[in-house]
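Provided herewith is a single structure, encoded as structure tokens, for subsequent inquiry.
Labels A, B, C, D, E, F, G and H are assigned to the chains in the order they are written; within every chain, residues are numbered from 1.
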């Protein structure tokens, strides 16, 4: 066991304050040059490692997936290109690629099953990629996701058609761009927490998701919290952290 | 008749372009020092004169109302204080003051009746002053306004309770603060044009009505147009301009 | 007839509140995988279906137009590319493509004729695509649109040359970028409602239409309401909703 | 039972779509002039009614609390002034006032106990009023809140001193102003969902909580979702909606 | 004569670069504790000293004016309160106070007369204080200012009534709030340079003059340049610098 | 001569107000389909026509230049591409193309010579294209421009080296990106009006010229007015309008 | 010695990672109810405790100063009111109050002397309170501060008059509002690091210090770093951290 | 020696103020057409010349490096492309290119060694290019840089693993995107000044580095100052200016 000093204080009238941070040397983080792979992540947080795809070369992606495969640890890469997926296939790394969600999932390893269920809603069809990133991540982490897409508030009957099913979910993820009104309307109709995901769908004033994000933060409906624009992955983690508590 | 030259062009290869703007000398605008009163306004635009209250002393307000009274022309003052209303009462100028709408209306004169009806909705109770400014202005201009207040989308049953009546209106004015979702939901349920009024109700990110205004401009529902934040008066004028066309 | 429960309340001291939302099973929405086509839209709202072009593959566009053609329902697609139009032509779907407005219109079906007329103005020539999207949409919905382009306020004689014709319209759509002053000037010269469309024409401070949109929301002229930046389609729907009321 | 029509469609080739919304007449909403009191709220959502204090006169506050007292329904008013609290005391309405949280709670009625526990953290002492609004609301709704205040990241030992207790909570609410870094650091150290509350504490660039809100939305740590600036109440509702699921 | 070194360079392959800044010791700047009075300003720039009123105590204002009076140098203080003016009167310092322009002018000293004339226009009556600050400053600097107030573009006839006089000016200052369209319209009708002054008149989206300032920077009309919001003084200096060149 | 009515008022107690706008039919504007060419512009404003290049096809550019050539009217096109210039050359239209300024100037026609001189300064070398657009436009309009480039404030000796020459100019145009400090420093050293041009040079916070534009509007130095970001052309027109007054 | 567990990991294929954070129980932080006083701060960081004045009652301020006095530890409170200072005097706590800097300093205790010197510059007189907060804090921490106030770039001779003295400082703090150009100009003339402090002095576009802060972040001059708007205290700490290294 | 006049004042009652700025003629700045090369820079500021790569053609880059090589002066070019580096290689100019830092360094010349050491930290791997630009620049200027990458606050153990080494540095540069929390946490753990570099890493609300920059300016931790987004070079200059003082 190795101790090292976090903060050394001078001796003074008020006595010493010394923090030591001991640490086992076997820190299971592998440095493969372009990234530090955290193999202890699932042990530490309960969820397997996930990789943010943008900026990584196809070769790097292959290297990362292989490192996890050696340890039989599941891994998910988000926002991936066809090129990255093709490189893995060419390298005989067994993965699945979802071109809508732009996600690559390892065919090995398993996250523990989570109890409960998440309802993932979108306002329009253009929000579906973000919602699929969310739903796919939930499933990767062992949860169940029920999809209700294209149920935006401008045609209220679409939402009312499915609301009784949505009401059975333990967490609701509401994905919407433009004016971002879906979470407000949904939250008034359900008793579960609503995680709102603004999307960059739309144009003009408040484009890029700003209008939707502001609307969601200002929701007059109780029970809504918000993640970053287009952050379907983030909403999934919040939802799964909730689900994991269901057995506690 | 007096002509004066709008634009004098030099002689050139391409010939002269001369605009003349003739004008009768009897321009019925009275300059009373602190304001130019436009007595021809009703004749010109179909609507009587309106006065923006802020920044005017009680004495100036009395002077303005008296000038219109002499000509038996109706006048409406918006965003007025109790002090301004009290000064008019003390000066025996017959007016009515609505403290919620903060509007002073002359007891004399009449605008022609308008056909049709405007439905004025609010999301919450805090939006009522803006909505009352709107409804009162519509009534001043000879229109009819039906009020449906506190029907915000977070408790959808409130809106659904009144939607069949709202659907009978020729124009809908939807007043809402915070996330400003009301116009989107309403517009999907009616066939009339929807004039959206963002209000400064709310706080935090996008406060002062910015979140609501952006949401309304980005409405995914068709048929919505937007006026400035808290501009109940402006929405009323837009609505009345529409109503006036109903007999055409 | 199928009833389903909108909201179930527990029994309590205050009695039950139960909402039921009955619905015929024959909901005429066709799910073709990548979109839900709403064939009842014209019945419900009075206007035929419209499709937002961006993000749709040429194949999807062909699929959508064919589905509507089977039912003889008119359809309009906005913001379309040459590729999308060419795909329809190659598939022998009878449509017309307007490259300036970037709109594809079905050659079949008809929307009912609307009474009255809309004047569509632009400040400059760069605003014309947005104005053509607006005018074309009005015509698709059965309305009449009179075009007055390049009449911006920096050369006032251009506007004054046409103002007497503009004054005859039942609705005025004023399309302008840069400082967005056209709606303010026009609204002071006409008695019809003015729908202002800011465009993303311009550069520098407040680029992307922000300066124009803010100016239009702050118009000192009465009777102006605003749609989102470049939203010629949205202005058309607002205008047509107004026109439709003319026969009421 | 009363049915009313949500949307009437014209007869067409595609058949009718008719929605009916039946509703019991005994809607337990009491209109007391300045507000609609929703006595069915606890039945519907599981949580008792809450009132937003700002803008309500002391007399109105007394009227609201009395109406709930008659039905023995608990009620919480947030962001209240000393004047509002004093008026209730003077009117012999049995309530408790927390001047830090600025909350008034009825002494009667009870919300059902919730399982689990919420850890409420603040970065500094200036964030405490927002945190107390959150913790008090959680307790009003029947939940348990553990407070860990003044544990901001600039003096990391303060957070590390309490982190083992925080890790036992089912939900963590992290309240912070200025650079809003607390949720990111906390979320990396716990496995529960983290609800981030930006506060308006701070000054200069990004003042009013904007810097904190943006930082929290951009958190590089997974598991964080965000409510509006200073919205301690909103975070409490999100947390309690999570807690309520624990027994499911 | 005293020389001091601006920048010392080390000796190197490329030779020395040495700047010396010699300076007469009789720098006519008087340090009166709370301010450095620049008595040489008129000599240096052609215009007498001006003082920014806000933040100065009445006693400090008296001290400043007395120091200039001793030297018979004219002085102008802008944005002054009644209290500051009253203190000067009580101290028998001969000044004039304009409560609309909020300016205090010394009764002694004279700036040289400037050739030419400036037309100062406002859109509305609420813009008059800024315009009067501008016109009064021009007159203090020896220029002539012609006022054309309340000629905003929403009632175009008001501007057309005076445009032939405005066209005779050598510089036009156009002061406007809200949508800030006046400079664009004016600049298309005159051949002189137009200095645009956005004002903080207005409310809602782009309040505080932001909408007007952006509109003016984006003016589609040539010949417009812009000063800061409410900066009537700044526009006056720009105009007078232009006038001063007329004799060159 | 043709009169048409600007505004018809109803008869009323206050008399009629009738405006007539007479207009010669020979309005020398040629509509060539994609643009309205204003051949009277030089006659009206004193400056020849200028064309904004972006968005125009090479064929349209040839058409525009030919139309002006027929009338021997000079024309300047700004922000042009190499393709546009090549098309003119291929069509044997005698023009000159400046690739730095991105300007095309007709080889025929002449604007009258202007008196005086403009000093055009830049902070860095990256600002030169904007400055050349400005200087070239001044020269097209018959003015003289002296260029002082790369004299930014971070190396003050560069500005001091040329300041005595700059002081002789009748107008100073200061072009700068990043923190936009050049106009403030220059304006304190000269007595001529300073037209500030923010450029989009820079990156990060306030990128795209926003930081520079705000700094220039907030200049503590008197005598500075601002045009839009990168608007070298606009600054040239302002400067030339000033120069033209020099003979008055 | 007490150990507590920072993070417990599950046993897994990759082995355990266990962090322990041992901590002496004698943590010299005193919780006095409304604040946690950190008596070890000087020992830990080298600088004595400082207190942020706003929001603290006079009684709390007395309590805080007394607690430090008991231990003979120096303490500085910033942004204090006269009331807070008077309460300390009334309670016979020996302090000094600087009303310009709004700072209260204990008369007891001493921070160690720092080597070197800081030059503190301001652009105008309105920036002096922020500069005095900075200079006073430097002196409290044992450093030396040389003040050069009112040397803004609009009158360059003021800066050049003192630049040779400024060049002798080890750190330069440049405090400026409005366009915030001072740090850029200074940094080009000195070789020491320049800490830029934007102030909220100014009005209009970019008010509240935003224009100055953006300008400083975009400085084209090397060697400039920026603290928050009006944060004279923060600049002082940065400067003193630099000074402390001088003996290393 | 050549004198020239900085400012000529008129003779007046207050005497003359005359500044002269003498200057040796041998100003070692070489104008090579597209740039002014400042060969005296190292002599003047202590650091060799650096060149901002973007916008320079490969040919210009070769020209610049050759000019410095003739004088044996070291030169660094930042943000360079592979094309620029290849052109130098092809021209046999001996340089090194770092593709991560995107920097080209001359193989000749030397800056003097600096005492002390800078610790350069990044929050994530995506921040490394900015950090390498910083570290490389420090090394070019003769300083020593220790790199600690991917130590962001979401996995606090990564930072704690290296904090004892970081504490030995004389200056800390903390590079982070997204929520930008790293400088706050680091600054509370070290006693050296912390230069914070926000990066444009991230997306959604506050994208482009705005969220990180605001967070860093609002840091609740003392001792942090901020440079522009992605400005690794700027942070290096600030750090080296500090290091240079260490021998003073």
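We adopt the following convention: a contact is a pair of C-beta atoms (placed from the backbone, for glycine too) under 8 Å apart; a residue touches a chain by one contact, two chains touch by 3 or more.
Computed from a prediction, not measured in an experiment: that's the story for all the values here.
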Centroid-based (C-alpha) most distant chain relative to chain E: A
Selected interface, B-D versus G-H, where C-beta contact pairs are more numerous: G-H
Whole-Å separation of chain centres (CA-atom averages), chain B against chain H: 56
Distance between the centres, which are taken as Cα means, of chain G and chain D, whole angstrom: 36
Rounded Å distance, chain E centre to chain F centre (Cα mean): 25
For chain E, residues contacting two or more additional chains: 6-7, 17, 19, 21, 23, 27, 155, 157, 160, 189, 204-205, 210, 213, 217-219, 222, 228-229
Chain G residues within the chain H interface of the complex: 6-7, 17, 19, 45-47, 116, 157, 160, 170-171, 191-193, 195, 213, 217-219, 222-229, 233-235, 237-238, 241-242, 244-246, 248
Residue ranges of chain E touching chain C (in the complex, touch as defined): 123-124, 152-156, 178-181, 184-185, 187-189, 202, 204-206, 210-212, 214-222
Parts of chain A lying in touch with chain C, wherever the complex brings them together: 125-126, 150, 155, 157-158, 160-161, 163-164, 189, 203-205, 207
Residue ranges of chain E touching chain G (in the complex, touch as defined): 4-7, 21, 23, 27, 34-36, 38, 55, 198, 200, 208-210, 213, 228-231
